[in-house]
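What follows is subunit A paired twice: with subunit B in the first complex and subunit C in the second.
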Partner chain A sequence: MKKRKMYMRMITASLLRRRSRMIVALLAIAIGATILSGLVTIYYDVPRQMGAQFRSYGANMLFTAVNDTFSQEDVDNAVAVIPESQRVGVAPYRYETVRMNDRPVLAAATDMEGAKSASPFWRVNGDWPSADGQLMIGKSVASLYKLNPGDKIEVTYTPVIETENSSSDEEALEENADEEFILDNYIDFEVVGILDTGGNEEEYIYMTLNDMEKLTGKANYYNVCELSVSATADELSVYADKISEGVEGINARLVKRVTQSETTVLSKLQSLVLLVTVVVLALTMICVATTMTAVVAERRKEIGLRKALGASDKSIIGEFMGEGLLLGFAGGFLGAFLGFLFAQGVSVSVFNSSISFRPLLLPVTIIVSVVVTGVACLIPIRSATDVDPALVLKGE
Partner chain B sequence: MSLLELKNVSKIYGNLHALDNVSLTVEKGEWVAIMGPSGSGKSTMMNIIGCMDKASEGEVLLDGVDISKESSKSLTNIRRDKIGLIFQQFHLVSYLTALENVMLAQYYHSIPDEKEALEALEKVGLADRAKHFPSQLSGGEQQRVCVARALINYPEIILADEPTGNLDEANEEIVVELFRKLHEDGTTLIVVTHDPEVAEVAQRTLVLRNGKLDHETVNKNFTGHIKYNL
Partner chain C sequence: MFLRMILRAFLRQWKKMAMIAFTIALGSSLATAMLCVMMDVGDKVNQELKTYGANIKVVPKDASIINELYDTDGENMSGAYLREDELGKIKTIFWAFNIVDYAPFISTNASLNGGDEVTVTGTWFNHHMELPTGETLDAGVVSMRSWWEIIAGDWIDEQNGDDRDVAMVGKALAEANGIKVGDTIDLKGSSGEKSLLVSAIFDAGGDEDDQVYVYLDTAQVLAALDGKVDSIEVSALTTPDNELAEKAAADPSSLSIAQKETWLCTAYVSAICYQIQEVITDSVASAVRQVADSEGEILNKTQLLMMLITVLSLVGAALGICNLVTASVMERAQEIGLMKAIGAQNPSITGLVLTEILLTAIIGGIAGFFAGIGFAQIIGHSVFASAISVRPMVIPIVAVLVFIVTLIGCIPAIKMLLGLRPTEVLHGR
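Up next is the complex of A and B:
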């Protein structure tokens, strides 16, 4: 016990009282540990962070109707399968053909907030519709009609009286033919935004669900629902299967193009992080080994003296290793906290969101630092045992 | 049985005989001085007696054990248990206090005992400097710490290689006085010195030349006190 105390006193005295050299080693270990804990934090956080980032590339899950349409209740039931924390955007769409200036146009109605989150890459020149009577039109439609934000446009809808379906009512249709004008519903819209996506979304006009209901007189049905879910590809397929099986009327599937590129980018990013960590640890090891070699060379006389006083090789190794491991511990401790700050900084500046401290990372960082330092010290410390005690009798 | 016996000991470096067929005996409790010009093999001999080096030829009996045949591991044990060393360059660990430096010898020998270490420092008159670091001590004080460290484990034999080489007369006298006390306590002393005054206080002086034992003088009126030829 007493001996242990003297041992601790010696190695701490050596570290604390001969600072210069050790500070270099401590710094190397602390930096290594910082990068380690920082990158590991990021490594585990990247899927979450990047998941959110990837959500900017649009929907990664799609609901289609088993029979033509599905209802709001179907959507609610299906969405309930996905944990709330992972839902980024839910945009149920309803499509109709309407007319503007007597020409047919495809109209989509959706929950604008949901669409905004599900398709964050949509660029809108002007504003999204935020109230009834407001219309967002695709770029192609806008150029066809020469419409700009602020313009007024009347949208008409002819309630469907389909000839094929009602062949028996053909006569009735004929009768109604001249009443068509009266049957038309119309709304005077104000164009608030022009949608620019580079895709076929530009061929539609967009209105609120409320307006669509007014226009068509029909409520509560959708053709398609786009979802943006912050989850891994595996999780997504589980959700999709569950929904397809569990919710009648809805067929859920993944937007493969998006989920696959997410997975490959993620795995590439993670292996990059892993590689950087390994390289940094190797560099730390080299730096510690170099410093330790210098320290051993610097302290040859002291080692010789200790041996002359009767120190065995084992106790020499024990003392230097003790110093090294203590240093590794201190460096790891320091690095775990600095690493968190580092990860936090990266997360805030790159992903714009903060991360929470993982307590488990503290012991892990310390253990890795201690092990890395221990391994780095092995060779230099072995050479300490080669010092000849006769050295101390030789003059300087 | 003599405490130390060298029989035809040689130490050969290449074709240089640093020690050349040296034989000598030292009895328990004796105080022996070793003199000789630089390069005559004094330190080489001390290293061999101190179990820090092995003779190339011959036998070295310490307490009846032939240490020239021992492994370096058991040499470490013998050195630790039986030998106290004092060096010209003091060799204190710079980041340990005087007290801790003394305790270091205890640490490797058995168990550190702060009280005992402090007593040893008291013996060399440095109780009040226990918490000082070597850099805060004068050369004489540092050497006295070394003496305290050498005697702390009650070694059978104290080997001092030019212990006063870096000291002024006043400190030299203090150190020699410490040797005299050690001698009185029955410790065997072998002191290498260039200084005739330090050699004269010993009971016997061996003179080495070119690795050979040149001659030996016995101090007939041995008192253990240094006499200055004023």
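Up next is the complex of A and C:
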């Protein structure tokens, strides 16, 4: 008991008395530990954070109907298969051919908020439709009709007469026979935005689901649903299979172009960060080790003196290692937190989101720092204890 | 005398000096490697992002809308096309070097084996071009549709195939009609007929799964559209858009002359579009927002991420060097004390220590620089399978960094040495 107390006192007293040197050593270890914990945290977080960035490529999963159309309930059932935290955007679409100035135009109706998050690359000159009676039109349509935001336009739709369902066939036939009797549905829209995507979307007009319902008289009816899901390609195909099998009426497909390319690029990025982490860590650890070696080597004389006074090699090594390990522990502890702060800073400034602390990283950082310091101290101590104390004291 | 002292110091204490040099070399190699990687990562990631396909689409002027809006049954009645003989011009624009790939497309309808109408698309697969500049370029859908999965057979190889009567069939179409690789399909277009050998079945995960892909001239024969193409997709390395680029894209004539110059001389997607329109007659080139915008987003993030990691490693390397220099100079308290005792002046001691350390730093720094380039190449080859180019700018940055860091490392130590009292030091207190 007493011996241990003495040992602790010797170590702490030695650290305190040689303050400036010890600060140098502690700093070196803390830098190493900071880089270790910072880079490893970033490495583990990159796939998640970068994956979220890749969602700017838009939908990576599509629901198509097995028989022409599906309903909101089908969409809800299918979407429920995907964990909520991974859903970035869900945009169900319904397509109809409508007429503007008696010319046919393809109209799409969707949940605008869903479309906004599922297709973040859409550029809208003006505003997205936020209320009924507002219309967003593709760039090509806009230039064809010479429309600008703020203009008014009438959209008409001719309801399909379903003769076989009609209660009175005679009446329906009469209506078919004379076109005058088929009343077109129409809505006066205000153009609020012009959509620029560089793709086919520019040839459509977009309205809210409510307006489409009014125009066609049919509700709860979709053709396609676009989903943006933050998941790996493997996870996605599992979800797609589950949905296609489990949800009746919906066939889930992956948008190969997006999923495949994301996997390729993301794996490259991850291996880049991994390799950089390894190189930086290796170099920094060697750097830490040489500094520790320099700090300890300075004390060769002290070691020689102790040996001359009759200390055993074992006790000298024990004492010096004790000091080194204590420093390693303190530096590792300090570095683990500094590293987390750094990773947090990177995450906030690059990805605008915070990082969760990995508790496992704390012991790992401390253990690595202790091992590196231990090895770094052992080499000069060994070489000092191995030689004759007389030679060491003489400085040869 | 000064020189001799320094020389002796190196010869006598070579072990210690070697360690300082080694640490400085580590630090400078770290700085070099990270700077090289950081400066090149934009280009490299840009290249990787090309797997998403074209970021610019060129279509004929005016007719484009009518064609795509009303021509739902695929009869090419609009009559507006781009000219095939102008395709090579795309590689002659100012930003030719940034254009990594492009492919023309022409779509027509044809009846398959005397039955249903299918969409037949003619294109380049891996078209080999000899450019007027003497360069060569392999362009086409093989690289621009990298996400296609070939289920059976092989990609059509333009450079190796003597037989041009071949076709690739989409998965859905193949399944519906029971087409297998090696089968012969008959296509009857509006003005021509062809019998083609099926060389591959592909899964594109999109509309292409219902189509047949053939050589450009095959599709032209089917539709009697010699030398014409519908659209061109271009894959270009671009700089992420900023305010200027957005303003220019909206209306190039709204810029001042100086602004326009900056705009045209930066590889913005809108600037490249503008230049393509100038060389291709009656064309409209527009950015495919899905690819162009996302690319910019990801590029910016990656560069920022790498920059912060680089800063961390630079700070780490700097502190590491600083630390070691401090530690190793402090160690020499006794030697300095002795020098002072026999009458050395403070400036001459400072000069001696500084010269020694800086000489070591130069040796270590140069060795580290080359090692760092080596590390950068390892990273480049194992991640991107291509060498990382070393920007000349890295050299002065690393040199200044090593120099300043070493000096800073010396300051506290020298301050301490100068404050030493010779008697105390020699006494060992």
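As a convention for this text, the second predicted complex is superposed on the first by the 361 of 396 C-alpha atoms of A that agree within 3 Å, B and C clash if a C-alpha of one lies under 4 Å from a C-alpha of the other, contacts with A are read in each partner's own complex, and residues count from 1 in each chain.
FYI, contacts are C-beta pairs under 8 Å (C-beta built on N, C-alpha and C of every residue); 3 or more make two chains touch, one makes a residue touch a chain.
Just so it is clear, the model here is predicted, and its values are computed rather than measured.
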{"item": "Touched partner set for A:279, first subunit B, second subunit C, both or neither", "value": "second"}
{"item": "Touched partner set for A:218, first subunit B, second subunit C, both or neither", "value": "neither"}
{"item": "Which superposed partner A:315 touches (first subunit B, second subunit C, both, neither)", "value": "first"}
{"item": "Touching partner for A:152 - first (subunit B), second (subunit C), both, neither", "value": "neither"}
{"item": "Subunit B versus subunit C as contact partner of A:14, first or second or both or neither", "value": "first"}
{"item": "Which superposed partner A:3 touches (first subunit B, second subunit C, both, neither)", "value": "first"}
{"item": "Which of subunit B and subunit C A:307 touches, first, second, both or neither", "value": "first"}
{"item": "Comparing the two partners subunit B and subunit C, which touches a greater set of residues in subunit A", "value": "C"}
{"item": "Partner chain(s) touched by A:298 [first = subunit B, second = subunit C, both, neither]", "value": "second"}
{"item": "Subunit A - residues contacting subunit C, complex", "value": "20-21, 24-25, 27-28, 31-32, 34-35, 38-39, 42, 46, 50, 53-54, 56-58, 104-106, 119, 121-123, 140-141, 143-144, 196-200, 203, 253-261, 264-265, 268-269, 271-273, 275-276, 279-280, 283-284, 286-288, 290-291, 293-295, 297-298, 342, 345-346, 349-351"}
{"item": "Interface residues, subunit A side, partner subunit B - complex", "value": "2-3, 5-7, 9-10, 13-14, 17-18, 301-302, 304-312, 315, 388-390, 392-396"}
{"item": "Of subunit B, residues touching subunit A in the complex", "value": "43, 46-47, 50, 52-53, 73, 76-77, 79-81, 85, 87-89, 91, 93-96, 100, 103-105, 107-109, 111-113, 133, 149, 161"}
{"item": "Partner subunit A, residues of subunit C touching it in the complex", "value": "16, 19, 22-23, 26-27, 29-30, 33-34, 37, 41, 45, 48-49, 51-53, 57, 64-65, 68-70, 146-149, 203-206, 286-294, 297-298, 301-302, 304-306, 308-309, 312-313, 315-317, 319-321, 323-324, 326-328, 330-331, 375, 378-379, 382-384, 416"}
